[in-house]
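Presented sequentially are two complexes of subunit A, the first with subunit B as partner and the second with subunit C.
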Partner chain A sequence: MLELDRITKRFGRVTVADSLSLAVRPGEAVGVVGPNGAGKTSLFGIISGDLAPDAGEVRFDGRPVTRLDASARCRLGIGRTYQVPRPFEGMTVLENLLVAAEQGAGARGRAGLSLAIRVLAETGLTELADRPAERLGLLHRKRLELARALSTRPKLLLLDEVAGGLTDPEVTELVEIIATARARDGLAVIWIEHVVRALTGTVDRLLCLAAGRIIGDGRPEEVLAAPAVREVFLGTDPR
Partner chain B sequence: MTRVIAATVLLLALAAVPYTLGPVAEQPLIGLFSLVALATLWNLLAGFAGLTSFGQQAYLGIGAYALYLLAARGLDPFLGIPLAALVAGAVAVPVSFPVLRLSGGHFAVATWVLAEIFRLAVTLSPALGGNTGVALPGLGGYEPLVRQAVTYWWALGLAACSVLGVWLLARGGFGLRARAVQSDPVAAASSGVRVDRTRRWAYCLAASGTGAVGALLFVYTLYVQPGSIFGVQYSVSMMFMVLIGGIGTIEGPVAGALIFFGLQQALSGYGPWYLVLLGAVAIAVTLFAPRGLWGRLGRPVFPIGYRLE
Partner chain C sequence: MIMGLVTGIVQGVLLGGAYALIACGLSLAFGVMRLVNIAHGDLAVCGAYLALVLATGLGVPVAVTLPLILPIAFAAGVLLQLVLFQRALRGGVLAPVLVTFGLSVMIQNLLVTGASADPRSLDGGRLAMAGFTIGDLTLSWLRVIGFLLAVAVLGTLHLLLRRTAFGRRIRATADDLETARLVGIRVRPVFACVAGIAVATAVLAGVYIGLTATFDPYAGGLTLIFAFEAVVVGGLGSLWGTLLGGIVLGVTQQLVGLWDVRFAVLAVHVLFFTVLVVRPRGLLS
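Presenting the complex of A and B:
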């Protein structure tokens, strides 16, 4: 469903994607780990259309989308969250989701409202529906990122460190929310997370990214045991 | 429901002014109504779509000169007002492509420069009267009193349509999109919002309405000069009204227009002190009520948000 074909992206002398190729199948759940600055968030930008690669092609559902902007890619079914939350300030939580439901999922009017209300319930934000987004704490801002991405009814969901800073029970709750969405809509997920514990319950495939390259790809325990991966993490055991 | 009745009663009372209070009241009210329309339209741009323009006078001028060209060809000037609005909107479409590539301060300056270019173009066009300006032909058939009354109704109509139109836009899907774009265009795009299209609609609709006001001002003053109609002071007063009234609300620009109008009336005798006082009011309001006076004191009469309740 998603194919990256020899993607290269540089910021000055920093290479965030080095002729990187990757294929993700429909419904697949892929975890991504890697040291700080490896290019994980940049990879999401390239997939979602926020960032134009210097070379290479992005294909989604069999068609090239490299030249489509972020808005068009979202409407095709790519939903993303931001590592540093970017809620629509000056709008309530519900309104944040309505924008995504109406524009991203194309659910206008009543359909949009019921989609937004359903996502509110699923993500445990119903109580905060009428709260202005700028008055949310970090935990709820991250939750809103997830909820807004789900409201676009994605086929591919890109999660960028949505579990960072959560307690164990909160991580469990988050994993359940994502499992529910996957079970119902069969969406594929790519999930960047430093907290590998959050990933292991969800993903069946793990990528390790370092300096813009995939240095590990396979079953999570195999990838984490690989010498190249262990070396990159330099003692800070990813497990 | 009570709101609808109150608004209807107010509108009917205002519409009856030519029969009740007569010409003395018409003149100042025409001025007030154009301010209400201008502030409301500027708010559509800056308050909802996040586009702070300093160049709306371009469309005042285009509206006025479009009306001149139409009237010179024999069209009744009053019927020319909506056509002038269409012309202003049509001019805004190609203009929007370059200016909307910019944002923030660059956008503001670019729109201002653009208005200056239009002013220069008119100044250099003998067919448009050049620097000296032109008088509006085609109103000779109207009794002066009737002419002023019809002008009054047009002014009232434009103000009412602007407020109602912007409210309907703001409370619907367009308002949601525009507010998202204003808040965070990057996140809006990755939520599926067509950012450029949303901004373009706001820009062209505001231009079109402003063009209608330009045509109206021409009908009212019967004379137009590039030096005044393309003056940046129009955009400055639009900004003043919207900021002191309350940006991003429907009531704010109306309140701002009333305050601005009141200050104008009360202080017009004081020459330059009038400007100093306006400046002082603007500073005081931005310091003590950053969301404008309505944002601080008023309750929304025209709500725009969605609530789960």
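Presenting the complex of A and C:
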């Protein structure tokens, strides 16, 4: 469903993607780990359309989308969360989801409202529906970030450290929300996470990224055990 | 004395409504696109000239020309956004200011060439002279209608922004452009519509100004300053703040005018500077 074909992206002398190729199948859940500066978030930018690659092609559902902007790619079914949540601060939680449902999922009128209300319930935000986003704490901001992405009804969901900064029980709840959404809609997920523990129960495939290249790709336990992967984590145990 | 004060305040509030009517488009364009449109006042003056030409040409009252003028103004705003502002906004903070300043100079010169520098006014017919009295207070119907028009426009914009899917799109885009794209919003049409609405409200205000005072090709500059001050005093990006800002300016102007007319406009500018120093984010923020 998603194919990256020899993507290259440089910022000055820093290479964040070095002729990187990757294919993700429908419904697949792929975890991404790697040291800071490995190019994980840039990879998401290239997939979601926030960032234009210097070379290479991005294909989604078999069609090239490299030249489409983030808005068009969202409407095709690529949803994304930001590492630091960026809700529409002046709008309520419900309005945040409504605008995503109306524009991203193309659900107008009643359909948009019922989609937004369903996502509210799934993400445990129903009671906060009328609260302005600027008055939410970190946990709820993280949830809203996820809820907003889900409201665009994605086929592929890009999760950028949704578990970062949360306590263990909060992480567990978030993982469950994602698992529920996957079970119902069969959406594919690419998930960047420092909290590897959050990944291992969910993903069936793990990528390790370093210096813009994939140095590990396979079953999570195999990737985490590979010498090349252990080396980039500089002796720290990624598990 | 007391009656004079009351009259001053009421006249000031009515005048403030007119300021808010000019200012709301400026506020909207800045709030959504971060566009400081120096040509906003000149576009308003264009509206007054357009009404003049149509009303004399077709031999109809000014009000009748509005259904024709407003769609033209909206289309002009859309076109300006797509052809000019959109490029300028990509060029950093200064580019839109310079580009709209250039547009302002161009409009003024075109108006001088096309209509000469003579002061003009729009003929409001019987309405222009009509008034009514409440107690000792005499009010002009035209002023009251202008104020109600401003409140109606601001109220409509408020409902549009708060209650409709289109409004949510505008607010989301104003809030965070990148996130707006991320949830599938087509940003270009949103910007184009906002520019269209901004110019349409400016032109409506221009026609109203033309009915209450004389105007010439250079009137846009002063119009812009008052609009700009109303926006800043009220609080950037807040529509009701803009109304409050307009009213504060209008009342100040009228009350100081009671004391000495020469200082009325100066007092407005002094008030503006004071607010800028004491509450740089405006009264309502």
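By our rule, the second predicted complex is superposed on the first by the 239 of 239 C-alpha atoms of A that agree within 3 Å, B and C clash if a C-alpha of one lies under 4 Å from a C-alpha of the other, contacts with A are read in each partner's own complex, and residues count from 1 in each chain.
Everything below uses one rule, namely that a contact is a pair of C-beta atoms (placed from the backbone, for glycine too) under 8 Å apart; a residue touches a chain by one contact, two chains touch by 3 or more.
A quick note: this is a predicted structure, and the numbers were derived from the prediction, not measured.
Participant: Would you mind checking whether subunit B and subunit C clash or fit side by side on subunit A after the superposition?
Facilitator: Superposition result for subunit B and subunit C: clash.
Participant: Where does A:117 make contact in the superposed view: on subunit B (first), on subunit C (second), on both, or on neither?
Facilitator: first
Participant: For A:50, decide between first (touching subunit B), second (touching subunit C), both and neither.
Facilitator: both
Participant: One more residue to check, A:80. First (subunit B), second (subunit C), both or neither?
Facilitator: In the superposition, A:80 touches subunit B and subunit C alike.
Participant: Of subunit B and subunit C, which one touches more residues of subunit A?
Facilitator: Comparing touch counts on subunit A for subunit B and subunit C gives B.
Participant: Is A:129 touching the first partner subunit B, the second partner subunit C, both, or neither of them?
Facilitator: It touches subunit B, and subunit C stays clear.
Participant: Thinking of the overlay built on chain A, is A:92 touched by subunit B (first), by subunit C (second), by both, or by neither?
Facilitator: Touch partner of A:92: subunit B, not subunit C.
Participant: Regarding the shared-chain residue A:179, is it in contact with subunit B (first), subunit C (second), both, or neither?
Facilitator: A:179: touches no partner chain.
Participant: With both complexes overlaid on chain A, does A:108 touch subunit B (first), subunit C (second), both or neither?
Facilitator: A:108: touches subunit B and subunit C.
Participant: Residues on subunit A in contact with subunit B in one complex and with subunit C in the other?
Facilitator: 48-50, 69-71, 74-75, 80, 82, 86-91, 95-96, 98-100, 102-106, 108, 148, 151-152
Participant: Using the touch rule from the top, collect the residues of subunit A that touch subunit B in their complex.
Facilitator: Contact set of subunit A toward subunit B: 48-50, 69-71, 73-75, 79-80, 82, 86-92, 94-96, 98-100, 102-106, 108, 113, 117, 120, 126, 129-130, 148, 151-152.
Participant: Show me the residue ranges of subunit A that touch subunit C in the complex, using the header's touch definition.
Facilitator: Residues 48-50, 69-71, 74-75, 80, 82, 86-91, 95-96, 98-100, 102-106, 108-109, 112, 148, 151-152.
Participant: Quick one: in the complex, what on subunit B touches subunit A?
Facilitator: For this pair, the touching residues of subunit B are 173, 176-177, 179-180, 182-184, 186-195, 248, 305-309.
Participant: Which stretch or stretches of subunit C touch subunit A in the complex?
Facilitator: Within the complex, subunit C contacts subunit A at residues 165, 168-169, 171-172, 174-176, 178-187.
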